[in-house]
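Each in structure tokens, the structures are laid out below.
Look for subunit A in each of the two complexes below; its partner is subunit B in the first and subunit C in the second.
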Partner chain A sequence: MKKEDFFNSLQDVLEIDEDIEITEATNFKNMKHFELDSIAIMTLVAFVHEKFNRKFTAVQINSITTVRSLMELIGLDHFE
Partner chain B sequence: MNAKIKHIEYHLPDKIVDNEILVREFQEWTADKIEKKTGIRERHIAGENETSLDLAIPACNKIFSQYDKNKIDCLIFCTQTPDYYMPATACVLQERLGLGKNTGAFDINLGCSGFIYGLAIAKGFIAAGVSKSVLLVTAETLSKFVHPLDKTNRTLFGDAAAATIIEADDENGIFEFVLGTDGSGVENLLVRNGGMRNKINPFPEDIADEQGNVRNENNIYMDATEIFNFTTAEVPKAFSEILNKNNTSIDKINYVIFHQANKFLNDYLRKMLGIAEEKYYLNLLHTGNTVSVTIPIALKDSLDNHLIKHGDYVLLLGFGVGYSWGGTIIRI
Partner chain C sequence: MKNLLTLENKSIIITGASSGIGRQCAITASQLGATIALLGRNKQRLEETLAGLKPGNHAMVSGDITEYEQLEERVGRVVKQIGTIDGFIHAAGIEMTKPLRVMSHHDYESLFGINVISGFELARIISHKKHLSAAGASFIYLSSVMGILGQPGKVGYCASKGALLSSVKALALELAQKKVRVNCLLLGIVETEMARNLLEEVPEDARQSIMKRHLLGMGTPADVSHCCVFLLSDLSRWITGSSLVMDGGYSAA
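Then we have the complex of A and B:
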């Protein structure tokens, strides 16, 4: 998946404010009007399962900080 | 002898906690967001002294307004929130309902798969000639295990009870079952304290998780990520096995009712399995996740709203705590 498409999809499924630019450095835990709460985590887990057929453990989910850290969990070879 | 579901009724406690109330306590969410993601607008919560037995009695009495209770010769009570450690709540309920002393009565301790297991037992008892009329009660007051500051579980779970009559019949109304268990999931959905392994701690330590949900070991704990992983792995397999075991296909099934966990998960499962939206029940709006009561509530509402009718084939599938799952096909 192209990184740009991944960033756009994340913004869309997690309903992150459009005025926030998503990059690899974007930190989920330090974002205006957004919280990686249980609803967002469920959404994220389903999104990754659907798009990458990849499942996370709760420990892995809790280790996510930046978008880059999420991409590393999914596997950087999935992105171009 | 064949078995068939003849009546279903349910009862909800009077107290309602709607999303507006939750948002006042957990201000980072909005009522609309909760409803959009979970499909839940409100949930009924048992009063402080209101038990699973208390919820079951009105559900059963609704049945008795249209069914002779003297015909009942077996009472199965499914709950994970019994009134006592002993005796079984079914024994207490037999007396409270005025059922005959020739009624077999026992509890089963299962969560979201419990209604399916109850149907399987009822069918087996009828087929073996043990019983002719089984009253299956599923009743839960899971809210009593939820910490007041556990926003995730307070949002999802509601309390309820349902009563179902399964009766011997010339026509087959309950077909083949698929049952399954994976006890490796114990740690991902449990109430750790309160049984003989770990007694209730009178001074438990409250701990907040990464998402800010507060709970202690006397409370329900659910690892939503692992539950998602379990569900998306096992439900599709069980769904296919139910169809295969009954030598049928989804085209011949009129309607599908899964345990109602939350809108997001149930919708995801529907899409995974390619089930048409119009033949898939998805409604937690006024009840939330009521554990073993979601499937009978869905059946009753589907009948009342003419989503299913006499002669229809309905696939049922429950899954959850244990892990435990079970499914079958019924004919209305």
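Then we have the complex of A and C:
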């Protein structure tokens, strides 16, 4: 998947404000008007499973900080 | 003294018999003398269940129970082998933890197909007089406390389990004239592979909260099977149209 498409999909599915530009360095834990709460975590788990056929445990999800760390968890080889 | 809890000379169809609760229900029912027809998707796992039953003229039919056009033929085959049906447990089911935001109509269709529609279709087919025991039967649907409670990320699952709960009264009323009783169990978390996978996915704080609310701990497949064999037996002859909560106290809070 193209990184740009991944960032756009993340922004949409997590309903992150459009004025925030998502990059690899974007930190889920200190974004304006966004909280990585249990719903967001469940949404991420479902999104990753659907798009990449990868299933994460709660421990793995809790280790995520930045978009890059999520991409590493998914596997960087999945991204162009 | 006559053993009051017996399933001797009863033929029981059980869906979801490849694993977990369905498997244990089959084993327990066979130990009480029932002849069992095992329905499930995974042939190898069905064979493992079959090997665990008390020996008897048990049947096994592997296949997807959402292939609705095939169900009539499968039930017919079962009846040919084990005789007319005295009991039916719909233990087949899938769980889905997905927030509304990422649900699709395919997800709802999957949930309702396995959890609900296949159960109703089998009830329709089994309750036909050519398949049904002349003495009547007991149908049991395995629902969930999620059918009466809510939880984020479970809109589809809750809806499907709620559908079972709300249908039981209508089914019981309609099938009473055929001496078919219909009841439902609303289960808390039971130690199965499905439950273990589910608990791995939820955040730690949510998992702790869930476990704390199960005052008597998680249930076991045997806990559920014990209640099922009671409902299958003549001991429960006056119980129909009911939903029994079995959740270790989870919904009492």
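By definition in this document, the second predicted complex is superposed on the first by the 80 of 80 C-alpha atoms of A that agree within 3 Å, B and C clash if a C-alpha of one lies under 4 Å from a C-alpha of the other, contacts with A are read in each partner's own complex, and residues count from 1 in each chain.
In this text, a residue touches a chain if its C-beta (ideal position, glycine included) is under 8 Å from a C-beta of that chain, and two chains touch if they have at least 3 such contacts.
For clarity, every value in this text was computed on a predicted model and none was experimentally measured.
S.K.: Does the superposition put A:Leu76 against subunit B (first), subunit C (second), both, or neither?
M.R.: Touch partners of A:Leu76: none, neither subunit B nor subunit C.
S.K.: Just to be sure I read the superposition right, which of the two partners does A:Met1 touch: subunit B = first, subunit C = second, or both, or neither?
M.R.: neither
S.K.: Is A:Thr57 contacted by the first partner subunit B, the second partner subunit C, both or neither?
M.R.: both
S.K.: Using the superposition on chain A described above, determine whether A:Glu35 touches subunit B (first), subunit C (second), both, or neither.
M.R.: first
S.K.: For A:Val13, using the defined touch cut-off, is the partner it touches subunit B, subunit C, both, or neither? Pick first, second, both or neither.
M.R.: Once the two structures are laid over each other on A, A:Val13 reaches subunit C alone.
S.K.: Which subunit A residues come up in both lists, the one for subunit B and the one for subunit C?
M.R.: 38-39, 41-43, 45-46, 50, 55-58, 61-62
S.K.: Under the definition above, what is the set of subunit C residues touching subunit A in their complex?
M.R.: Subunit C reaches subunit A through residues 97-99, 101-102, 152-153, 200-207.
S.K.: With touch defined as at the start, can you tell me which subunit A residues reach subunit C in the complex?
M.R.: Going by the criterion above, the answer is residues 13, 15, 38-39, 41-43, 45-47, 50, 55-59, 61-62.
S.K.: Spell out the part of subunit A that touches subunit B in their complex, as residue ranges.
M.R.: 35-39, 41-43, 45-46, 49-50, 55-58, 61-62
S.K.: Inside the complex, what are the residues of subunit B that reach subunit A?
M.R.: Interface residues on subunit B, with respect to subunit A: 28-29, 33-34, 37-38, 151-152, 210-213, 223-226, 228-229, 232, 262, 264-265, 268.
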